Structure formats: C-alpha cells, structure tokens
Amino acid sequence: MKIYGYRLPAMSSLILWGILWEVVGQTGVTFFVPPLSDVLVTLYSMIGTTSFTRALTETGYAFIISIFIAITIGIPVGILMGRSRLLDELLLPWVNVFLSAPLTALVPVLMVLFGFGMKAIVITTTLFAIWIIILNSRAGVRQINRSLVEMAHSFGASPVDAFFKIYFWAALPEILGGVRIGTIRAVKGIIIGQLLISIVGFGALFELYSANFLMSHFWAVLIVLFALAFSISEFLAFLERKVAYYAAKR
Amino acid sequence: MSQIKEVVAPQSPAPDDIAVSARNITKNYGDVEALKDLTLEFPRGQLTSLLGPSGCGKTTLLKIIAGLLQPTSGNIEVNGKPVTGPGPNRAFVFQDFALLPWASVMRNVAFGLELRGVAKSEREDVAAKYIGDVGLAGFEKSYPHELSGGMRQRVGLARALAVDAKVLLMDEPFSAVDEQTRRKFQEDLLSLVENENKTFIFVTHSIEEAVYVSDQIAILLPRPSRVSEIIRPSGFRNKGADSIRRDSEYLDIVDNIWASLRNYVE
Amino acid sequence: MVNRPLVLKILSAVIIFGAWEIAGRVPVSYAFPTFFESMAALFRLAMEGTLFTAYVDTLKPLIVGVAISTFIGIGLGLWIGLSSFFDWLVSPIFIVMQAAPLAALIPLLVMAYGIGLTSKVFVVLIMAMPVIVLNTSSAVRHTPESIKEMCRSFLGSRLDMIVKIIIPAASPLIFSGLRLGISAGFIGAILAELKITPTGVGDIITFSRSIADYPSMYAAIFSIIVLAVLFLNLLERIEKFLFKGNDLGYVSD
C-alpha cells in the first residue's frame, strides 16, 4: 500500500484502528469499549500489582511446562514416525484424529481424571500443542533428501553423528514451523483450560474483571496476553527465518 | 559466399510490408535501463527472431509489443496503428504455457474466444479445428495435468492461433520442453509460418533455433539493450526441414553469431 | 494380501480401545469407565433419541456460525486480496485475531448478548472467520502472475479476471481455509456449550458428570470427536476430488 510513492509498513493500519478505538471509547457509546487511553493507563498501572504478577507467573509457569513437554515428547515421536513406516502407519491416523478433533471436548474428561488444578491445565495445553509438533517433525524428517542419507553412509557416519550433524539440521525448518504453530495453539489451550477447568492465572483475571465490569482492566489483560503470544510467535518466526536460507535448497 | 546482410540501422522495405514497428523504445525499471532507444521493424508474413543472451531485454520488448508492459518512452505501431494495450490483432504464446489447470483442453483453446464473447458452440468449433491442427485431436476433454509438457505448449499455441490475430508473439515457447520435442516443434513451426498468413515475432536464446526458423534475426545485446545486427538468412529456407541443419550457410551463420555473442556471456 | 495400511489402522484402533478397556477395569480412576461401558452408554443415548435432539441443539449455532463465516469470510478475503488498500487496512485485524486467544472474549460476549443462540453463534464466528479470511486473501494474492497476464493478453475484462481466473485459481486454498475454519468453529461450538449454557451435547456432558454417570459423559465426548473427525475427513476428500489437477494451480513444471 503506497501513499505518494511511500510504502506504508505492514501493520500500520493498527494505528488507525487504535485511534478509532480511542474515539469510540470517548463517546461512551458502549461501556464495553472504554477509550484506548484508559486501557493503556490501566495496563501500565497493572503491571506491578501482585494480582497481575501472580496471574503471570501461574500462567507462564503452566505454559512453559506444557510447551516443554510438548516439545520433548512431540519432536522425537514425530521423528520416529518419519523414520519407521510401521510406527507411522500405527500412529498417524490418531495424530490426524486429534489434530482435527475439537480438543475442547476432551477437557471435561481431563477435569474428571486429573482434578481441578494445575495438572489438568498443563495436560490440556500440552494436548493442544503436541499434535502439530509431531506432524511437522515427521514432515521434516520425511523430506530429507535421500542423497544426504546416502552421503552420511558413504562417509561412515555413526547413527548419533548422522542424527546430530545432518538429519536434525535438515529437518529443523519444518520442526521450528511446527513449534511456532504449536505455541500459538498452546496459548489458546491454556486460556481455554483456565476458563473451563479452574479459574487461575489469566483466566481468573478475565473472569474477575468481566464479572465486576472493569472493562479497562479486561482489555488491558487481553492486550498483554496478546502481546506475549505475538512476541513468542515472532521470536520463533525469527529463528525460522535464520534457518530459512537453506530451507529451499535441501 | 555469405548472404548475410549486416546492418546497424534496419533497412526499410515499403511501409505496407511492415506489420509491426517499434520506435525508440526505452524501458526503465527504477534505475535499471532494460531497453534504451531501441528501434526495430518486423516485416509482414515473416518470422523475426529476437535473439540474445539473458538480460538483453528481448522478453521485455516482446511484452511491450503485446501491450502487457508500457514503455517509458517510444511507440509501437501494428499495421500502422499505435499500440496502447493488448489488442485483437496480436496473440501471445507463453513460456510457461499459462494454461488454466482446472479447464479442459477444449476450454483452454477456446479461452481467447470466450473472453471475446464468442458463443459457445461457435468457439468450440473453431477450437476443435485448431486442436486438430496442432495434433491434439482426441484430447479435447483432457486436463493439463494429464498432458506432457510438449502437449501443453501445443494447447497454448492452438489457443493463440484460434483468435486469428495477425501477429503472433512467442516468448521462448520451446524452452520448457525436452530436446526431442523441441526439434519437432521447430520443424512444425516452419510449416506453420509457411501456411498461415501471419507475422511471427519469436524470442529465443538458442542460436540454432533462431537461424533454423527465422526469416529475419535481430540480435540484441544487453546493457544497454540495443539491436546490434539484423541477419536475413536466405537460400536454405526451402531445402526441407531435415536438410537445413547440414546446410553450410546455416552452419556459417550460427558460428558467426556465436562468435559475436560469446563475449557477452557472463 | 490384505491392504496393509488398513490392517494397521484397525490394529491400532484395537490397541487403543483395548487399552481404554483395560484402563477402565484397573481402574485407573473411579471416573474412568471401560470402553465397552462407554459404548453401551453411547448406544443407549442414541436409541433413546437423546443424542440426536442434543446434536440438533449443538449443531444449530455451529451451522449458522459457519455459514455466516463462510459468506462474509470469503467475501472479505476476496476484497482484501484484490484491493491493496483494503488489505493494508483490514488484514492486521485478522492477523491479530488469529494469534490472540479469543476464547477469553466469551464472558464478554455473554454479558453483551446473553446466553442464547446469538452469543453462541458469535463464539463460532470469532473462532472461524480469521482463518477463512486470511486463507482466502492469501490465495487471491498468490494467483500465478502468468495466467493473469495471459488473461490480459487475450483481452479479458476486470470481471473476467476475477471470475474466470482469480477465483478458480484460489479455490483450493479457499476450500482448505474453510476446512480449518469449520474445525475452529467446532471448538467454538463446544466451548460455547460448556461455558455459556449447557444445551445439546454440552448438556449431556455436564449433566452426566454432575450425576457421576461417567459412561454417558465419555460416550457424548466420543461421539463429538468422531463426528468432527469424520466430517473434516469428508471435507478433505471432497477437496482432493474437486481440485485434482490443481496442486498449487500451476501447470508448468
């Protein structure tokens, strides 16, 4: 999009929307939408408060554990599936099932089995993230060029060497892509988990603020959450770009 | 005895005999001068090749003649009338075929007519004729992904012929097919030029191809793009498709062109 | 020789369901019924007709939401793809919507629109629309330049370009965007039922949980998952069938 020949940066229309938000908020047309300035002020004041930091740590803690589990289980499973046809044929249908299934439906089961606490939330979030990580890792391994494998053989590489020096890097772009998507899904998963299972962390804040009609606080928390999700996603995209230079030519 | 006429400025046959003329064409992309003050004339009813190394602007010139690109300055005239955009008097054959993958061969060939609003039964009749002409009879209901590269290009060619334009513009039409198919196409092109009363403008980077098929070869050199020579091979055109490649004049011309072009290969 | 992939699929199903059965018998937890118990409950619910009436309730907001998302989503996506101004103006909104955990907005929607059909439809909408819009606009933007040029060279009008070239070329990606959107819509519908008011299948789940009728609860959940998976697989097959020759819409190799 150009104005007078100057290319406008990609997300810059958000500035316009921000102004619109401010204007709508100032007119007070609906109390659900307070002025953006109020929200930002509230945001600023909220950051140091105990309730906020507690929500952040609770949610962050659960989130990191979930991602960690999803990665440490998901990537190896995906890789193994990519390399063993038997395993692939056994597991792939299930991976596809859980990828397309509405995982939200499983949450009641998880609640019943694992109680109303952190454990259930972590498991929910892990489940949201893991399937795409498995699928992408598998895809990354499967597309490794036959000649790379043969080359490794011909130079007498040990299996460990072959894995860490060749296969891992060859599959890395896909794996990173899977982790990025998985992370975004995990963010959705953790919020859904917190809304349904037990009201802790950010879920608790959302419930609290909406129940008490503290709209500015509500939007402030939403913005924070979104900013966090966005930064993580961008960070992973950055890593992906770092390896992208060889991705097309493998 | 060489029958090559080497000229720096093009000779001017009588105006009636010029189907397309390009005058003082300049095309800039930002700082890059793709074409600079290029002037060239294309005689009616003949095949003129634009030959040159990559980056010499030949496809750019072809697209300007087609009306798909606008020159920064200069003008193009087809049959005496100036060109501002695509028109019914010119038809284009694309290097990567540009077929509609979701449409059958019949619809693809008839597509140019469809865009002109010709009624369905009429355009399918016309298309059927040209499908037969290019040797694809029986494949009317096939889809592009079911065809080989050579067959797909023939669909593209049939489509261009079906609209019955006076000028046929071909952008490296045979570069995306295999060598054997390519040779066959070149032979077919010779008979096509003879039988159809059209003007052909043909872009290629293959010297042998240019000398084989052309009545007139314009050699373009890059940076800045300009016409360096115009060659009019004569004398072996009617020797029959198979004998041309052994004709001594043919071989001489090919060698001479290569001699002058090799300095420009990067 | 029997079809090996099929045999393995059945084998893996047997393994998983068998494990379920065993885990239920151990029992892994008092709340974990066996596979057969759950299937029996499923059968009973189906026979009683409760399952079907429940699905009618559940599917209502889903179908309405998906239908609206489809029309508006594809329309918006086309507009965004065709107009660079509109793209600049509107895509960031959808990009944000896609990354943000929109589930958080549910309490807000309930406050604004109550606990009826409207808010449930809205939930489905906010979950399904972003991916449909973004896929459609991306598909339009990535129409191969070559066939667009070809259309111009044969004197196609702007309308010809849109209807005969851009939309058919974009269809495979639009369709797969629809598939993703419906999948997200399913999540939205279930979420709405579990969170807003239990009706339909969500009601069976919450009610059976509250009276500790775990087989019924598992049965209901099993049925949703099976339904969603079957439906999405069907869509995938239709996609493959409709767009056989297309791959990415390129003909040249």
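All chains are identified by letter, namely A, B and C, in their written order; residue positions are counted from 1 within each chain.
The rule we apply is simple: contacts are C-beta pairs under 8 Å (C-beta built on N, C-alpha and C of every residue); 3 or more make two chains touch, one makes a residue touch a chain.
Note that the coordinates shown come from a computational prediction; the quantities given were computed from them, not determined experimentally.
Engineer: Starting at chain A, find the fewest moves between touching chains needed to arrive at chain B.
Structural biologist: 2
Engineer: Which chains touch each other through the most C-beta pairs?
Structural biologist: That would be the chain pair A-C.
Engineer: Relative to chain A, which chain's C-alpha centre is the most remote?
Structural biologist: Most distant chain from chain A: B.
Engineer: With chain centres taken as the means of their Cα atoms, state the distance from chain A to chain B in Å.
Structural biologist: 53
Engineer: With chain centres defined as C-alpha means, what is the inter-centre distance between chain B and chain C in Å?
Structural biologist: About 50 Å separates the centre of chain B from that of chain C.
Engineer: Where the centres are mean C-alpha positions, what is the separation of chain A from chain C, in Å?
Structural biologist: Chain centres of chain A and chain C, defined by C-alpha means, are spaced 19 Å apart.
Engineer: Two or more other chains touching the same residue: where does that happen in chain C?
Structural biologist: None at all.
Engineer: Which chain B residues reach two or more other chains?
Structural biologist: Expected reply: no residues.
Engineer: Of all residues in chain C, which touch chain B in the complex?
Structural biologist: 144, 146-147, 149-157, 160, 164-165, 168-169, 171, 243-247, 249-253
Engineer: In their complex, what parts of chain C are in touch with chain A?
Structural biologist: Contacts found on chain C: 4-5, 8-9, 11-13, 15-16, 28-29, 31-32, 84-85, 87-93, 95-96, 99-108, 111-112, 183, 186-187, 189-191, 194-195, 205-206, 209, 214, 217-218, 221, 224-225, 228-229, 232-233.
Engineer: Considering only the defined contacts, which chain B positions touch chain C in the complex?
Structural biologist: So the residues of chain B touching chain C come out as 66-68, 86-88, 90-92, 94, 96-102, 111-112, 114-116, 143-146, 149, 152, 159, 163, 176.
Engineer: Would you pull the chain A residues touching chain C in the complex into a rising list?
Structural biologist: Against chain C, the touching part of chain A is residues 1, 8, 10-14, 16-17, 32, 86, 89-91, 93-94, 96-97, 100-109, 112-113, 184, 187-188, 190-192, 195-196, 202-203, 206-207, 210-211, 218, 222, 225-226, 229-230, 233.
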